[in-house]
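The same subunit A turns up in both complexes below, where it pairs with subunit B and then with subunit C.
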Partner chain A sequence: MNQAMFTSEVFFWLSWILIPLLVEIIPSIGSAFLLMFKRFKQNKDPIPTLYPEISILIPVYNSANTLEACLNSIDKSTYDNELISVLLIDNGSKDNSYEVFQACQLKYDLSIQWLSSNQGKSKALNKGLFNANGKYIINVDSDGYFEANSITNMVNRFESDLNLHCLTGVILTDYKLIKKTKSFLLRQVRKLEYMEYCQAFLVGRNYNAANNSMFTISGAYSAFRKSTIMNTFLYNTNTICEDAHITYQIKAKKMNVGICENAIFYVEPIDDLNKLYVQRQRWQIGELEVFHMFKQGKLKVKNLMKDKIFSVLLFDHTFTFPRLIWFFALIALSIRNYPIMTVAYASFIIYALYVLTGILYYFSVRVYLNPFKADLKFYNHIFLYTLIYPLYNFYVFILRFMGIINSINRASSWKTFNFSDELEIMKNIIKNDFRIFKKSEDISNVNENVSI
Partner chain B sequence: MLTKMYQYKFYLDANHYVVFDDKVGEIHPHTWEIALGIQLVGKDVIPFYIIEEEIKDELAIYQNKLLNEIKPFDTLNPTLENIGDYFTNSFTKRIANQGWNLRTFMISETPSRSYITLY
Partner chain C sequence: MLLFLIIILLWLYLLSVFKRGQLTFFHFLFGSVGTFLLIMLFTPLFEDSVISFFGYLLAPFGISTQIFETYPNLGMFFVNTVRGAIAFYIDLECSGIIEMAVFISLLMFFPAYTKREKLKVGAIGLLSIIGFNCLRMILVLTIIYYGGTEYYLIAHSVVGRLVFYALTIILYYIVFTKKQITIQKVGNFSYESSDVH
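Take a look at the complex of A and B:
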């Protein structure tokens, strides 16, 4: 082997293996151990002498099929029904959600009220906030249901730490529905999605919360002290990502956002791959949109990397940025006729390292799932999916990356959209996706707009 | 004498921007809550829907719009106070047409920030 080849070989391995190792794999090993350690150190939250009254806000939009299960889980929860007031805020349902509400009102010994609102989830939530009187306000989606101890655990956490102002719960997909899935392929995707939710909440957000760097609570299950949310401008009705927006507002007031990792809310697993495609892009676009709203006029490229919010955005559990670098490095190497076997070996090593960190994450999730025996059993059963999880993760990353591209496309029209505009925009964005990658003139347009 | 009143609540979702000391603020959205105290005159009962329709008709002009583009806020700075004063007048007339009295008016931008007018 001559000198030049040796140098290029060393350079190759350094850049190919070292970058992901340093920016992604080693930090993730660190965080996995940190989370396990945190769990062992953690004491059980003390039980308050007197439980407070709480309000549960549930925006309703064509929720006839899921609403009863949601209300039923509140009724069956370990939190005293007398201390719960449920506000259903309808924002334009066209199905028989109202009849379901009436039936539930008769059936359950629970205070349930119905309010009407303009269309849009955040508008509905704002109406709820005006009418919520509880010490704590819990917001959930109407298409999921609480784990029995979820509400009690959430209140225990708030009561035991007065410095916590806002908490996100943990969203998991319903393992019973995953098991029942008929299509083989869809069942695999749903198991991987379950693993993803576990990691996103019990590792990703959990780690962010430990570092005080969590910038999105989950809109599907979040909780606030009433005193905290009264200090904000309520939900922003101009964004599709109102949950991220309210978190930014709370962070901007130097108030603490955390995760209650033993408060679980179950949602339905993904319908199909198309749905996954739309959902993930929406999340990515929404996150960037909120980021843009808060950074308006102050954005400079040289300051970007110093910005905590920005780095969390890029380095969050999707690790968009580092992956991007060597995803393109892979393409560049192939074009430059690099020995294909070397590239293949390197990819294999990286993949193996991903699986390894995936397994570490798997075990740190496991210590948090421990109190939830049924979920734990299911989680044990999907252990081997850690072997293919990096592939799924990469697919999701591609979707999110397309979301970033699309948000650059719409950057000029950030301002005000109503719900139907929003739907129309989403439809067009998704229709245009493939065109962007095919047409070269479109690519050049994208490049012109990259300087955010 | 016992005064008998009804309270109604309405919500207005709209965007606005305000001008302070010649500085034009950013466009931003609000969900305003508007609470009206209406006094019964003469009759025993006010059917809820009559007042509701009156007020919702008026608010519909502004729902989901940018206030600064709609009369009178195209020339009147849409601060909480100006919005409150304008709607107080306009609702007073609408309610008077039905033969009842608007006695209290409260507009809130959050549950902890409100502006009130009283007769």
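Take a look at the complex of A and C:
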């Protein structure tokens, strides 16, 4: 290789690798090490002398199939049943959730109440909040279940730090269900999804909590001091992202939002790719809605970096535009004057760097999963998925980007279609177009016949 | 040529299908990526003119500071370092054509603006990118003028690129992010066939 060629390749690689390296990869490596360090420095939460009474709010909507497992996990938890009051808030179920509740009330030695509410999760949660008496209020979805020490760990964390006002738990998909998945493809997606949840909570939100920049607690498992949440405007009933909305309200009052990384709540893995397609768009749209609702005075460029939460917009929205085109720019460059092998090497290096980051994240997650042996065993088993995880991540990135674009100019009756629906719409239009051709052909045949 | 025409027609037809089906994302994706690839395909037709244009644009600065001389028709700069004059050529990457093509392609299909607004925002955006690119070139040439050719790599591929990228991100933030958050609608969300609750 001559000097000029070598210099030209160095230029090419530096130009195309520098930005992802600086914007994504180096901060990721930094955060992975920081979290590992945080874990080694962290002391076990002290055990309080007296455990307080707590309320667990569970919005119920056609939850007959999952409700019992959820209540069973509360009954089996290490927290004293006598200190737990469970409020099931029904928001329009049409199945036999009520009968399940009645059966559980007889079966378990737990205080369980049934409340009826208007339609919508936020309205149900607000009704629950007004009826809750515990010192701490825990909100969970009805389609998941607690790890045995989860509730105790959550209360220990609150009791050990009086400055904590709100905590998110850790959501993991149920590895037992993942193992039982029959379809090969779906099983692979579910394993990648498991890895994603581990990273999202034990790395992403964990890092945000350490950095005081958490955008949202989890709607599926969160906990508050009652005094804190009653001091807000409660759950917003307009947005689909009520969890992010309440997080912002609490942060706006300069109160601390954290993560209890040893409080796990298991949810069902994704049903199919169509669900993933709609779910990720919904999350993205919810995020944008919350930014819109709190935008007053925050969107100016000079103010942007002052608000840690609004600076999330740069990563979740602004960067996504050039990132989308980058991929195609590499193709365009290979069409033009750059040798295809150089472009391929550059792409490979970027991919390898993403894998490296993924492996670092993998080990930071492992440090936090250590007390949970069964999860840890499953996590060890999926180590090699770190090699293909960047591809899954890219797919999720595209889905979230879809959410961004699809939410613009939507009509009031706007709906999110899954991919099968969209394919059907396309097919119908194309079919219709060709039918018109066929029809006009038929008409011209008729005309010919007439003239004959 | 025939194959090219067939691909273009197929692309336009698909865009019309996405538009009629209100499949906003696919319309945006296929529209912007297609436009970008088209512009890139036709750059040889105007690449030299754009490069000369930058030469003319930067000439007054070079003359007044005596840091560099421009030869617009050759797409070349001469930097007068203490060790003598060094020639630099402006290539496709330095010309900012790729960045302008990316911006225009994304904006053309970004559904938050009306056609009229797109014209206005597009013109301001293009002028800004031209300005950012001038700044990048001046920065690179000035570093080389004071530091010598050994600073070429760091000036061109690190400092120049980072400054240009930071300014472009501010432009993208204002044009895409700020606009969308300002007009974002809230509520009335439902699913057609999914039962995600």
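Note that the second predicted complex is superposed on the first by the 363 of 452 C-alpha atoms of A that agree within 3 Å, B and C clash if a C-alpha of one lies under 4 Å from a C-alpha of the other, contacts with A are read in each partner's own complex, and residues count from 1 in each chain.
In this text, a contact is a pair of C-beta atoms (placed from the backbone, for glycine too) under 8 Å apart; a residue touches a chain by one contact, two chains touch by 3 or more.
Nothing here was measured: the structure is a model prediction, and the numbers come from that model.
Q: What is the contact status of A:Asn126 with respect to subunit B (first) and subunit C (second): first, second, both, or neither?
A: first
Q: Per the contact definition in the header, classify A:Phe401: touching subunit B only (first), subunit C only (second), both, or neither.
A: Touch status of A:Phe401: second partner only.
Q: If you stack the two complexes on chain A, which partner ends up touching A:Asn238: first (subunit B), second (subunit C), both, or neither?
A: Both subunit B and subunit C are touched by A:Asn238.
Q: Just checking: does A:Asn118 make contact with subunit B only, subunit C only, both, or neither of them? Give me first, second, both or neither.
A: In the superposition, A:Asn118 contacts subunit B only.
Q: Using the superposition on chain A described above, determine whether A:Thr216 touches subunit B (first), subunit C (second), both, or neither.
A: So A:Thr216 meets neither subunit B nor subunit C here.
Q: After lining up the shared chain so the two structures overlap, which partner does A:Ser97 touch, if you call subunit B first and subunit C second: first, second, both or neither?
A: neither
Q: Could you figure out whether subunit B or subunit C reaches more residues of subunit A?
A: Touching more of subunit A: C.
Q: Pick one for A:Asn206: touches subunit B only (first), subunit C only (second), both, or neither.
A: A:Asn206 contacts neither subunit B nor subunit C.
Q: Please identify the positions on subunit A that touch both subunit B and subunit C, taking each partner from its own complex.
A: After superposing on chain A, subunit A residues 238, 415-416, 418 contact both subunit B and subunit C.
Q: Mind listing the subunit B positions that touch subunit A in their complex?
A: The contact residues of subunit B facing subunit A are 9, 11, 13, 15, 26-31, 33, 63-64, 66, 108-112.
Q: Taking the complex as given, what residues does subunit A use to touch subunit B?
A: 117-118, 120, 123, 126-127, 129-130, 230-238, 296, 415-416, 418
Q: Which subunit C residues qualify as touching subunit A in the complex?
A: Residues of subunit C touching subunit A: 17-18, 20-21, 23-26, 28-29, 32-33, 36-37, 40-41, 43, 92-93, 98, 102, 105-106, 110-112, 153, 156-158, 161-162, 165, 168-170, 172-174, 176-178, 180-194, 196-197.
Q: If you look only at subunit A, which of its residues touch subunit C in the complex?
A: Touch residues, subunit A against subunit C: 7, 10-11, 14-15, 18-19, 22, 61-62, 121, 238-240, 274-275, 278-279, 282, 285, 288-289, 291-293, 295, 299, 301, 304, 313-314, 317-319, 321-322, 324-325, 328-329, 331-333, 335-337, 401-402, 404-410, 412-418, 420-422, 425-426, 429-430, 433.
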